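Right after this note come the structures.
Both complexes below contain subunit A, partnered by subunit B and then by subunit C.
What follows is the complex of A and B.
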């Protein structure tokens, strides 16, 4: 068994094109998903039961189904609603809806972790609910938002691989094409995997830096070494 | 155009049966993943730099790549090493391996949040390391990590539908087959979604019940 490097060198254009599509789809979906997640979170926190219930139904549906099933529902369902979209648009819509369910939980948690007194004070000095949310609560949610949103974004980036099932030309799909040409699955999928690995770790490193520069109130490292550390401490 | 209710209803019984294989695959996978995850966690407490370096790289690789690619690697890639696996075996291996990594990370977080008191007491009493693991640390740890483990179970059930792409006959593939013969692709997929929803909803709700049961025993 030898690793055939020509499989990669001969098809690098396809891999590069796939990587570009993957990044495009992931980036667009993250933005759209977040735009959906904020109103969903506000609905889930609303005092009106109808809003709360509809948010709950949406969340339960999308969180209990695999992404590939949701993708197929959109893929076959949208044309039935007389919406003929290119596959990539269908994929972005499906991924955004899917991820918005997870993101809205994060947003909801972040809003709840801002002390209620902040909103009460904003209302007391005459701000509207929306202005209080936007000017007082939202800025304070940022530090609770960034770490979990990074994780969800990475999951979304990985989830884009499923779009190959509806022939969106992202990395996995290009990998399958190259595999069909070269019959070298090991080389192809290892390369694909490494491309994803590169993207996810680059993104994680980037967000890690943003988090560190944003977060000045880091908890001091624990200096006391416990006897139990040999059981409880595992380096990441 | 509207939906054909009879196609949806006719598909349900076959899909319910097919979902049984999803559950079976998920069950086997989580069993291996639990064993593997525990073993790997123990291995990670061994403070030997080269070993933890290698484990760290494997964890980073699995967490940083899509499970679909990992499934492809196991199914299409392993034959290169002269390991030829049936689709279902390759699928179970891929999911179990992926989940092992996520479970060891869950356990790492669980360990980090644990009260050192009982363990210090056990050390002070002179208990052997192995006994401390099996009788003090692990029992508390499993109770602590139960909620994320239940979540991991739903993740695994969802991942089993990806095996349809490597020709494992499970609920999604069955739905596609029904769709092909009925010339109506959407209804069987919706029926499959309904079945999967029930399965995952039950698991997560059941998990919450067990969680409340154990809440007072939380370490």
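What follows is the complex of A and C.
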């Protein structure tokens, strides 16, 4: 049996449409998940026990369940609450809630990585907690946030394939449709795989560049020359 | 009433350890007070309680007559202030940290102007002009547009002092400002602090620099075991100490000073 290239060329419009939906769902979910993760992280770090406790419950709920189960619960549960949403919206909400649990832990860790004295200096000058977080702590969390957030975002992009289970028209779902038409599963899923790979690796490359540019602007780089200078100074 | 700072009955426990035990302490306008004592005696905790970086278990703190952190309600019971009330008093108390705590993502000039702009609501152009004047006075004009990571320890601490002064505080608290510096740089910072004292700034300085205390302080306070054990003019406290623990403490500092010189 030969590789049938016409499966791809004849259905490229469906694949392209699927890729667009995947990107849209992934991008929206990353933004919504991050918007949920920041207040969750602040709650987890709060002095008030009720806030800490609520954040912990949320975290336990979403981190300890498989995504597909969460998706089904939202898909069948929201209509029971009289909320009729398009599948794609349900998918974005479920994925955002799921990922926000992981992201909130990353954000919390990044905030804790900034030395406590930074916030103390801000508070001592009379900045409020929120202003200190925004002006002083947040900019310094970037270098701790970018690498793990890249990982989580890539996981989220891949996780969108699960949305095919509730008929969201992303790549995997379109692949299943093409496969049903052509009976050529290998060609179809190889194409699907290539498309996922293209998207994730392009995103990773982008974030890698962001990470490097963020690092070099903050402090003078330790070159071999400057290291040598330091040692020579000590001996002199 | 000329007292700018009044601390009364302040106590603080960390777990089972009583770090501050019913401390009363006041500072008059323009006065320079040096606080000395063995490490772990509570002097840094006292300083951090004054601007509420640490919440004391009991006692009251007033700056210019305004309560800090806790204030009496109508029935006279002490209640914790709203965060916004605390944020309003804090700018009048400058704080200089042992480890500087400059903000590494901001240039030197922005480290100094960020407080005046965001907290005091001063226009950027004026805040920057003021900051440049401060930097010039501190001999750091050339460093205005560099990042803190490019400064030496002594320069960092001078910028940190400039940052505190830019808020135009009534009182500046110094928490061992020279303890993290190399010995040959300590002088730069102490000279600056002496100049500041001469200019009439009210200062409370926690320090191990007995020489500085002797020269600059109007009053020296010795704290031990969380209590004010002895206080008075430098002449009384340092040259003619009455308390046995104070005598021991001064002798141990003298000895360690000598060994440091000998080993060089």
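We adopt the following convention: the second predicted complex is superposed on the first by the 216 of 236 C-alpha atoms of A that agree within 3 Å, B and C clash if a C-alpha of one lies under 4 Å from a C-alpha of the other, contacts with A are read in each partner's own complex, and residues count from 1 in each chain.
The rule is simple: contacts are C-beta pairs under 8 Å (C-beta built on N, C-alpha and C of every residue); 3 or more make two chains touch, one makes a residue touch a chain.
Since we're looking at a predicted model, the values are computed, not measured.
Asks: More residues of subunit A are touched by which partner: subunit B or subunit C?
Replies: Comparing subunit B with subunit C, the partner touching more subunit A residues is B.
Asks: With the two complexes superposed on chain A, say which partner A:60 touches: subunit B (first), subunit C (second), both, or neither.
Replies: first
Asks: Pick one for A:13: touches subunit B only (first), subunit C only (second), both, or neither.
Replies: So A:13 meets neither subunit B nor subunit C here.
Asks: By the touch definition at the top of the document, which applies to A:50: first (subunit B), second (subunit C), both, or neither?
Replies: A:50: touches no partner chain.
Asks: One more residue to check, A:77. First (subunit B), second (subunit C), both or neither?
Replies: first
Asks: Applying the document's definition of touch, where does A:117 land relative to subunit B and subunit C: first, second, both, or neither?
Replies: Touch status of A:117: second partner only.
Asks: With the two structures laid over each other on chain A, which partner does A:131 touch: subunit B (first), subunit C (second), both, or neither?
Replies: second
Asks: Both subunit B and subunit C touch subunit A; at which residues?
Replies: Touching subunit B and subunit C on subunit A: no residues.
Asks: Can you name the residues of subunit C that touch subunit A in the complex?
Replies: 51, 53, 83-84, 87-88, 90-91, 93-95, 97, 99, 101-105, 114-115, 118-119, 147, 149-150, 163-164, 167
Asks: Which bits of subunit A are touching subunit C when the two form their complex?
Replies: Residues 115, 117-118, 120-129, 131, 135-136, 139-140, 218-220 of subunit A touch subunit C in their complex.
Asks: In the complex formed with subunit B, which residues of subunit A make contact?
Replies: 1, 60-61, 64-70, 72-73, 76-77, 80, 82, 154, 158-162, 164-165, 172, 175, 179, 185-186, 189-190, 192-193, 196-197, 200-201, 204, 226-236
Asks: Going by the contact rule set out above, which residues of subunit B touch subunit A in the complex?
Replies: 1-3, 41, 44-45, 52, 56, 60-61, 63-70, 72-73, 76-77, 79-82, 108, 111-112, 114, 116-117, 119-120, 123, 132-133, 137, 154, 157-159, 161-162, 164-165, 172, 185-186, 189-190, 192-193, 196-197, 200-201, 204
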